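Pasting the structures in now, so scroll down.
You will see subunit A twice below: alongside subunit B first, and alongside subunit C after that.
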Partner chain A sequence: MKRLLAIAWVFVFAIPFSAPAAETPKKGGGLIVCVGDEPPGLDPTASASAAIDRVVYSNLFEGLVKVDRNGRLVPGLALGWEISPDAKTYTFRLRQGVRFHNGEPFNAQVAKWNLERGAAPDTKNAHPEFFRQIEKIETPDDSTLRLTLKDVNALFLFQMAEGDAVLLPMKGYEDTAARPIGTGPFRFVEWRRGDSVVLERNPNYWNPTLPYLDRLTFRFIKDPSAQVAALKAGDVDVLGWILAPEIARGIARDNRFKILAGSSTSEVIMSTNNKAKPFDNKLVRQAMAHAIDRKTVNELVMLGYGTPIGSHWPPITPYYVDLTKKFPYDPKKAKELLAQAGYPNGFSARIQLPAIYPYAQKAGEVIADMLGRVGIKLKIEIVEWGFWLDRIFKQKDFELSMIGHAEAWDIGIYANPNYYFQYDSAEFRDAYQKALRATSEAEKAKWFARCQEIVAEDAVNGFLFVSPSLSAMKAEVMNWWKDYPTIALDATEVWWNK
Partner chain B sequence: MLRYFLTKLATLVVLLFLVSLTVFTVLFVLPGDPAQIILGIHATPESLARLRADLGLDRPFFAQYADWVGNLVQGRSALSIHYKMPVFELVASRLAVTGPLALLAMVFAVVFALPLGIYAARHQNRPQDLAVMTFTQLGLATPEFWLGILLVLFFSVELNWFAAGGFPGWQADAWGSLKALLLPAFALGIIRAAILARLTRSSMLDVLREDYIRTARAKGLRERTVIYVHALRNALIPVLTILGLQLGQLLAGAIIIENVFFLPGLGRLVFTAIGMRDLPVVRDVVLLMAAAVVFVNFLVDIAYAAVDPRIELH
Partner chain C sequence: MRRFFGNKNFTVGFLLSAAVVLAAALSLLWTPYDPNRMSALERLEGPSLRHPLGTDQYGRDTLSRILAGAVNSILVGLVTVAIGLVLGVALGLLAAYGGRAADEAIMRLADLLFGFPAVLTAILITSILGPSMVNAMLAIGIFYIPVFARLTRAVARVVWEKEFIAAARASGIGELAIVRRHVLPNILSPLLIQGTIQFAVAILAEAGLSYLGLGTQPPHASWGRMLNEAQTFLDTSPWMAIFPGLAIAWAVLGFNLMGDGLRDVLDPKMARLR
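Now for the complex of A and B:
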């Protein structure tokens, strides 16, 4: 017997719904959203860049499934799905009558072609493994797609909801990076390089009531003070992703605007090279965990808008376990552990902070002070992003660094001993495999929790806080996402109350 | 004149060759992999390797260099890694912002600097002179991004006369585009005016001590004529040199001011391109900037000859 998973109860959440607006949404108007980074092309199936997803995900492109504002999986181009008892076969019922922006029809054949394209030997996809785990693709009819996986994967549906797995048209896909064609509520108008990407309402969207907006423009302004000036002068309507929380305070004082302070999936960690001395010693890492006062870090760096964490898992993601009490702030204990590890007088180390992220530099300074109090003297070095990717991420030539890991469901990086922080634990790999292969919710919850605990116990990295999803907008902008449970600025349901 | 021109041309070619080799080498050894930056930190090694091959980044140094120069000489444009469009088109669209911005800034600079400099020189060591010198001292000490932000806060946020930044595009809205350049050009121009005003003043003072000025005054010419006809022409020569250098600098990208006003100009293009390791763009733009500086200096040399008949070009 097949077990039908109604979508609404795939996951149960601790987070309450954002209160539905009392008024009925009004149609019309254009919205200008300011984002900091201009995307490197507009093809999410050829790059994992967050800047691309923030513009096109769920606005222009859709996958079989999507992640909604509450972090749940909801139907995209699939109306629903059934999972076989062995959790290897997924049968998707596809939406009928959907057309791409260029008029091409969407059906099971198109979906199959897209999945095969992702798995092809010459694929440009940043995550070919999402598609290569599929052993067999069957299309019994135009509106049914049956996928059989090589192995059970608890994260399969979430992977199908990533930007890497959005569906493109079979004919009009070649120029996706410059002229994207999707099925989403908005269609592409123009990319003015260095300035903006303009989208307009898709009049043939499969949901006739959406979107509410006629026009959606993403404007690229990097400088935080220029962003605020643009909002206050009325050049933009929304600041989609504020990196510097002090800006939010200033805007909040002006009643023409409102601030939404939610949570994101970006864990800010003091990444630690687990193979470099003395950080290869677990006691040293645990000592550092005791020496860091997460609450104060969050206050000083994020003005309290962030959420302290004790492991590599965002609180808005299912199966979260609160491990913030695992290593409470205790400098005395930290000193004891250091002495046990053979460093009664502490030691000196270098922390390299990427220049493009203001939070990383601020957090680095705060941490340097806190570690200094237990005798670990940090030398701060600010490095350029290309340098960070090359020396720290690729060559693993570092001691400590600071970075936000933005992707949801990314704890699997701890199962890879070659990942830049070089954590090598058979116990973790085993737990992670068990979590991935779990066929029941209870099993998944148990093993994903275990993964979080192992990483916390080993104090692999300094787990600091989850970045807030801070957005600012004109008071009349309704229904903007408060939390960002996936990397997207989805404006499908946004409307103007004026 | 012809010989002068040919020498200049030869210098330009040699210079561009050296610049191209330097730029290429620096970008080659610079840490940071364009493929990694495009694909993000979670990309598989396999995807990275494939993209590197697609971009031609796996080929040897000289092969890559030869490709680039070969394409340039034949007038073929490479494709920007970030923007997925030909670099030449991209640069042309950015020059349509930075070119007018630089010119407008120079107009502001000259309009303020010359009268102020002359005025100060005529009232040397008197309160008027002191006032001008204080003003220019302030101008020299002011960072342009700060002035830019102040202008935005006052004229855009407070008064709402101008947009806080951005650029609508010449075709879409010519008047709006000109308006979009006014504040940034003013911020750039006023600070350059400070330098030029001081230079004009001291140059003017030098000239005013010359014998021929005494002669001009002795023969009873009006002071106005002495200053504006006889003195100014000679006093302008050093001013022109600096003006040329500054214009070259501005064309080479008003990087900071373009970021403050989020103008899609050449400076911001190169700034973003370096961060993204968009190598085809960085190479071509740096080469273009070098060429622009040389070309502007060439124009300045010709201008010398125009203001001073004693100078001949060979």
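Now for the complex of A and C:
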């Protein structure tokens, strides 16, 4: 039965998803995508920088599995996989006939070498634990890869779909940071430092219909207003990632352009120090949860582009449970809870907001106003990023703060009592372990849901909204990813309708 | 009095500055709306009868915030000039009459402080003490000390050579009493002129620091902070930036003109030189 379930799961997740397109895609043309940060190198297996993945993930490099535009797992260099009943052994069937951009063939040996490289003691990989959990790698033939894990890990496949786990060629890998060689739909042409990275169509891509574009360029423009100016002047075709919603609104007025407003995996939370008085009192935290009108927060901070949340889980990630109704906006109830907690007249506290993130400052001002209405007087302090990292994140010396947690699948931070918000719950740790060790799909769904419920019930942090994924582009650019389920600006299926 | 209002600069400057002071005083008693009250339904409204200067991204009334911000600006001007005057004049007098060693020490220290650009000094101080309005005032005030110290020393030395001082000394009055009764009244006009001009500079400096996030902290209204918040809305809601910008220009122009006018009237020699 379990095996059947496992196979069924593979089946569900392995159907290649293609976006509904009203017209058939046209081939040709070049696309210039504007991004804010220039990557420090182009090797995603040697750095944690998100700027690298935005350029290369699924464009230039591929892993065994990929995350698609809807946050689901789809086959990458593995055609499919089978999971043993004890959920410890994964057997991947690999694509045959795939070649790297330099002509080297891809096979099970190459995959094995990559996984061993990630686990090596001197690895530069940002997540060596992804690979060190593998106990045994077997390659019965060129197109079969069998991995046995030390322990069950429900997130293993998602980890294999991260940028850290893309596969490099065995011979041409040394210069990856400067001249990357992968298997993806686009191959590297040149990197003009300080300006752009240019990729071109890989004519030998394993999917002969993809990509549609001939050329894909990433241009680096830091300043948001300069980005908008570049788009309006026609210097770039797409703004891949807009931080300020009001900028999106300004562009939307011009009918030469369109805005895609999707969802990301960045949960914006009012971080609450669960060890600091009076926030160590669950009633106080629940009172604050009742005092926050999430819909209005989203309206005021994100102009309505974000998605309200009730727990630490993005709606576009599998196993999501909607808990936004758990603590509905109810200032009266909030005051009652405060009175129960021994603060009938409220109290004063300090909220420190990181200066580099405008959304955090805006959300802080709005929250201060809302909490003020139930008697919690917040003193706002804007702090530098270095101060935030040191004092709040490292030394845990704070009461309240505001920050977006960008990584997908990051609810595990609540299992660590030493994490900066210092939430210590044996019940949560137990539920999280059970989720990670779940061997069936139903078990995973059950325990990941339980994890979400526990942190919501304990009102660990103020759960506000997930940041929108806002992109702007010329009206003729088709099929760009609307959501941002993983760190990627995948242009494989993008085409020009002109 | 007629002497002052006969001067065009002074009259215009005085009227502009008085309006700012009145606005600040008014806001302490009444503003059209609570300047910090958010209202989701009224956000980003353009100027209208209900909101003459429009609303910001949180639905706060811009007029109310500009009025409340005036208090901030006036307060910063007063406190910083007071710090500069009290400490600067004391140090300046000490430098003028306290002997060579005191003179050297104080003036070299003043040179040192002058060596740093004003805004940089303020950023340094606020980043050490933490961003807040009090610290911003302190930062600007500290920078004013050498400004007033130098001025005091220079004019006090000139006064010291005057005959009436010699007469006072001959009549046997103590030095401190001479300084209090004869020197201070005679150096008042240049200090007044300088103080008015520094007042304008302080308003600008506070706006700058608040714009950078180092001055007044939210949600309190400050013209500089309002400009900062309006920045990304320039395309869609320009009034959010225009009105606080005008307020800053208004106040700075007012106090500067008043300072110029004062100089023309009180220091005719300077006026003729120009």
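Just so we're on the same page, the second predicted complex is superposed on the first by the 478 of 498 C-alpha atoms of A that agree within 3 Å, B and C clash if a C-alpha of one lies under 4 Å from a C-alpha of the other, contacts with A are read in each partner's own complex, and residues count from 1 in each chain.
Keep this in mind: contacts are C-beta pairs under 8 Å (C-beta built on N, C-alpha and C of every residue); 3 or more make two chains touch, one makes a residue touch a chain.
For clarity, every value in this text was computed on a predicted model and none was experimentally measured.
Undergrad: Thinking of the overlay built on chain A, is A:Lys325 touched by subunit B (first), by subunit C (second), by both, or by neither?
TA: neither
Undergrad: When the two structures are overlaid on chain A, which partner does A:Leu300 contact: first (subunit B), second (subunit C), both, or neither?
TA: A:Leu300 contacts subunit C only, not subunit B.
Undergrad: Residues of subunit A touched by subunit B versus by subunit C: which partner has the larger set?
TA: Counted on subunit A, the partner with more touching residues turns out to be B.
Undergrad: Which holds for A:Arg249: it touches subunit B only (first), subunit C only (second), both, or neither?
TA: Only subunit C is touched by A:Arg249; subunit B is not.
Undergrad: Which partner does A:Val366 reach: the first (subunit B), the second (subunit C), both, or neither?
TA: The second partner, subunit C, only.
Undergrad: Just which bits of subunit A does subunit B share with subunit C as contact spots?
TA: Residues 225, 384 of subunit A touch both subunit B and subunit C.
Undergrad: Over in the complex, which subunit B residues touch subunit A? Could you list them?
TA: 30-33, 36-44, 46-47, 50-51, 54, 81-85, 90, 93-94, 149, 152-153, 156-157, 160, 162-167, 169, 259-262, 264-265, 268-269, 272, 275-277
Undergrad: Quick check on the complex: what are the subunit A residues that touch subunit B?
TA: 38, 40-41, 47-50, 122-129, 177-178, 192-195, 219-223, 225-226, 229-230, 232-235, 356, 384-387, 389-391, 393-394, 407, 410, 413
Undergrad: Contact residues on subunit C for subunit A in the complex?
TA: For subunit C paired with subunit A, touching residues are 36-38, 40, 43, 57-59, 127, 130-132, 213, 217-219, 232-237.
Undergrad: For the complex, which residues does subunit A have touching subunit C?
TA: By the definition above, subunit A touches subunit C via 224-225, 228, 244, 246-247, 249-250, 253, 296, 299-300, 355, 358, 361-362, 364-366, 368-369, 379-384.
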